[in-house]
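There are structures below to look over.
Paired with subunit B in one complex and with subunit C in the other, subunit A is shared by the two complexes that follow.
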Partner chain A sequence: MSDAVHELLVVKDLSTTFTTMGGPLPAVSDVSFTLARNETIGIVGESGSGKTVLSRTIMGLQPRTNVTVTGSVLLNGNEMVGATESFKRALWGTEVAMVFQDPMTSLNPVMRVGKQIDESLRVRLGMSKQDAKTRAIELLELVGIPSPAQRYMAYPGQLSGGMRQRVVIAIALAGSPKLLMADEPTTGLDVTIQAQILNLLDDLKDRLKMSVVLVTHDLGVVATRTSRIVVMYAGRIVEIGSTRDVFSRHRMPYTRALLDSSPKVSNASHTRLVAIPGRPPNLLQLSAGCSFAPRCSFATDKCHKERPELQAADEPGHAFACWNPLPTTMEQQS
Partner chain B sequence: MVRYVIRRILMLIGIVFIISVGSFYLIHLLPGNITTIIEGPGASPANQAKLYKLLGLDRPIYEQYFVWLGNVLHGNLGTSFISQESVASTIRAALPIDLEMIFISQVLAFAAAIPMAMRSARKPDGIIDRIFGAGSFTLLSVPPFIVIILLVLFISIKLGIPHTGVSTYVAFTSDWIANLESMALPAVTLAIGSFVVYFRVLRSDLIATLQEEFITMARSKGISQRRIMWRHAFRPSSVALLGAAGVNIGGLLAGGFVVQFLLAIPGLGYTLIAAINQNDYLLVQGIVFVVSVGVVLINFIFDFIINIVDPRISRE
Partner chain C sequence: MSDSRQPLLKVRDLKVTFGKGRHEVSAVAGVSFDIYPGETLGLVGESGCGKSTTGKALMRIIEPSSGSIELEGSSLIGRKGKALRNFRTHMQMIFQDPISSLNPRRRVKDIVAEPLDCWKTVSGNERDVLVSDLLSKVGIDPKVYGNRYARQFSGGQCQRISIARSLAMRPKLLICDEMVSALDVSVQAQILNLLEDLKSEYGLTLLFIAHDLAVVKNVSDRVAVMYLGKICEIGPSDALYEAPAHPYTKFLLGAALEADPDSPMHNQVLEGEPPSPLNPPSGCRFRTRCPNATDKCASEEPQPQELAEGHFVSCHYPLTIQKK
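Our next item is the complex of A and B:
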């Protein structure tokens, strides 16, 4: 219980399984981590590693049918797993809010953006029409939208991608949430806009005293903006630790592969990026062993037969799931 | 938006012009000599020739057209050779009956279709969706003339709501209860056909819309399911519904005669059939013109509503 007091978010043994025609699909399995107040944690992994499902499950926003969630999510002391829709509804927007991945599809195309911000303020916070409008324009200004009073009247289709993502952030901030789930907030945007949006989120986090869960496939995004990182593969945590440890003292070969496959400024021009061979496993046909084994150059017989559990590394808070971890003595390149 | 409306209005004027040419020429397509019909088979050729000249039929056809068009623009559709009554006033008497019948039927159809589609779309393939789906499909497969017979059986005979015919038809303004009683059968009949279409179109669009990311986004704001349905899902799902309604209402205006004829409702459809049987060319021409313009206008209005509902359409 002491965790619930100190930590804003406590996720324990969380699993999300979808019922599909092909059988049960374990999108997230046995995920545990905690998040302190005003902390940013990064969740990284390839497409299909369960990041988005994890962030939605934490929020309790998974589809209402054909899905089973087990384990526990304590959000500011409120149990989200198994909670009724109306209980979660009372927390959505004010305790936890989500910045969605694709600003092209996450805004209602036939509703003025101002009205979409107003809605949270009026329905959830009970503001008057006039107060909500004033506040909505303030929020648009806060997220860096020029001439916010005019943009208030715009339809999403009249705004650029970067602007739309700012609107999405403004909507998420409307209820002053304590926890902001940012699900690949920059995937659909130009590189220059990406940096702007990420810096904006970082800045807002400090100013509004929020905690942030930053979900991304891009390690460059989390490197400077998170205190800790969770690396996911096939729905499981394969490595977790402080950002520094994960970058420079990682033990899991998958983390290494992920780091190697992201471009670095220090690389010479025309350096060929190292791709991870193969593709993520079919979650409907997971083997008994480590899910990464088929793509791992260090894999042994044991890796294919028995799944490694998370084990503590030398550094506090650092853990990894691997039978043949990378050596610790060698200081690895960052 | 303004430019879009202006463009549509110009198009509308063009279409109405084409309709006017078509309606005018309609008479000239018909076989037989109009003077024979007016004067009867025993008329002398000299009298026929006199009448021919009197009606202006000896003048070139384009000249006849412009004379006719000028009259139409002044609201004068001519005087029937058969009844000696003004075509415009005959239409003016019949048209409100059509409009009232269509209006009531559409209110009924929407009032049933919208909440039922929302209920169905909430759980596609759920028990309620299946019941509604099967029910609407059954209604779809029953032709209107069967529906009318069944309705006469249930509403008029079992429930005892009297249904009045042409001779006893009363206007809404003189006795609204009697008027609504006689409207019940035709309006319900038309409503059933419309309802099935609206329900199915809206249901499938709602199901598609509810999969959209912006619905999850709306859900994440912590607003009620009801609000998500009405404020977020309904509007983007109603474009096809409105398109269907536009076509359907136009169709009811032009094709309501089956119901009107079977139930003896003296609307435009009924009048048209009577006019055809009596060779009342000018009345046929007038009704065809008014109905065609009406259909075009209705579709224009619905296009306009669709543009307001979904601002993405006029932007492209």
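Our next item is the complex of A and C:
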């Protein structure tokens, strides 16, 4: 396929369903998007919208049992869906690597951070002990850790949250991956540290010619650092487009509601926020219609009964799933 | 202006120290502020700067090491036993983690009634009516949900229940510590709007502690910025956000991300991380990261100076000009 040549990542009709006590739980449904080389795409949505499950499915990191994955994930031409563990293992680290939200869960608390980086280098790249150590210290320096040779000896618990996240990024970069999946990489960090980490990711992306999938619940994180954005709701893409189109020319009421309910630093004090009533649906009890219908102020009968598919908007690459889309700027003017 | 009003809460040189000797941490290193009746004072700052410790010291959940706290002119320090508990009914605190701050094995209406039952202010039918009323006020239907257990609720609903419980004793001051930090934006907006409504209905005064600068801006009349156990700047929120006078406030605001692709990319990022409170820098505590620091900053601690009505900054070289 020609897509695979130009695009680093091609996700097509991807669905991940868990088998649970309460029945099948569709955590990700019919997700399709592509990511070019050296591009950053943002995936935004509220808690439970399926962002983490989607990222893990792209990596091929789902649990061994009680899960069904359908569709396709082509990563640099390699099909991840249905691939064997050993096939995926060969790609982890060198083709794709992941940075999780909580650095403590991805670091071993009783192992020196330097050793943890060494290990990735030796296992993934077959480096010698001495080369691995030299490279590990270089990587610590690359991610902006002061006195890297000393920090090489530190245990994770001796580092601050921001420093630990830098270590996790260093480990992810050890195999020079082409794609970095960053799942809430700055959630829980202070704003000044968040700014440092996001700048670091931006800078690394350009220097190492990587592509980045930036997953977050925070629209502020993706506003200035992505070229395109995917908005997820209840496991589905409800809007996708260039960052500018999603922020300024969104057609899906949920996208608008998400933007309106976010407090802004530029608001005058006591600005009343436009809250979205209710909360996201229970994925075990999804209706046949639009998942947002119970909370949507534009919902009509049809919305409750029939699910809107993604349809193309005027701008290239911009699509939304809604029966009663918000007017385009042109329509608003006339 | 501000001094003509009587503060509801007056805090002077409040200090809280943890540990001893080499391990001594001055978590709150002498903070002073007033909260006026009916206003919301926001308290912002990065992790570990002492926001929660300040809130808990006001409630005397943590014992302050020194300083004074006055509520409507009477001192809270030195009160013990019944006298302290009595005072505490005037102040309530709501915490970040809504789910763990509610007992999962109790029914919602009993959780809300906890303070009433404890103080035995009302009983029987009167108690039930009051509880139902409180639950309705926070948007939880008492008939449908009153008998359910707290564990069956989402984070947002738990936070509504916490609010209902905190209002049961009709407190004068509500201390909210990161109360919306764990919630999704759409639910966060519901809770913030609810808080604004209840604030005017119950005539509440709020100390709103949060690390999210946008959230704090949206709810506060005045904002205090903390760094390493001290308040470095305090002032009316619009003025402070518009023209921060302390270099730290400027960096902090600069790092806040707006959900707007046209918002300027802030290239001026604050480098490094806050120093350990075990060993704070001499003079100005921000000097080790401040681009404007001089020798004076290392040797002399900057005292609060008033730049404009009610706008105080503790910096030898404030970024905006001092009023004459």
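By definition in this document, the second predicted complex is superposed on the first by the 325 of 334 C-alpha atoms of A that agree within 3 Å, B and C clash if a C-alpha of one lies under 4 Å from a C-alpha of the other, contacts with A are read in each partner's own complex, and residues count from 1 in each chain.
Assume a contact is a pair of C-beta atoms (placed from the backbone, for glycine too) under 8 Å apart; a residue touches a chain by one contact, two chains touch by 3 or more.
These figures come from a predicted structure and were not determined experimentally.
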Check whether A:Asn282 is in contact with subunit B, with subunit C, with both or with neither, and answer first, second, both or neither.
-> neither
Using the superposition on chain A described above, determine whether A:Gly220 touches subunit B (first), subunit C (second), both, or neither.
-> second
Is A:Met59 in contact with subunit B, with subunit C, with both, or with neither (first, second, both, neither)?
-> first
Looking at subunit A, which partner touches more of its residues: subunit C or subunit B?
-> C
Check whether A:Leu259 is in contact with subunit B, with subunit C, with both or with neither, and answer first, second, both or neither.
-> second
Between subunit B (first) and subunit C (second), which does A:Thr20 come into contact with in this model arrangement: first, second, both, or neither?
-> neither
Check whether A:Gly162 is in contact with subunit B, with subunit C, with both or with neither, and answer first, second, both or neither.
-> second
In the superposed arrangement, which partner chain does A:Leu273 touch: subunit B (first), subunit C (second), both, or neither?
-> second
So, A:Asn199: does it touch subunit B (first), subunit C (second), both, or neither?
-> second
Where subunit A meets both subunit C and subunit B, residue numbers = none
Subunit A residues touching subunit B in their complex are 59, 61, 65, 85, 88-94, 97-98, 100-102, 105-111, 119-120, 123-124, 155, 157-158, 168, 171, 174-175
Listed in rising order, the residues of subunit C that touch subunit A in the complex are 46-47, 154, 156, 184-190, 192-193, 196, 211-215, 217-221, 237-238, 241, 251-261, 263, 265-266, 269-273
Interfacial residue positions of subunit A with respect to subunit C in the complex | 46-47, 146, 160-163, 190-196, 199, 217-221, 223-224, 243-244, 247-248, 257-259, 261-277, 279-280
Subunit B residues touching subunit A in their complex are 123, 212-214, 216-225, 227, 231-232, 235-236, 309-312, 315
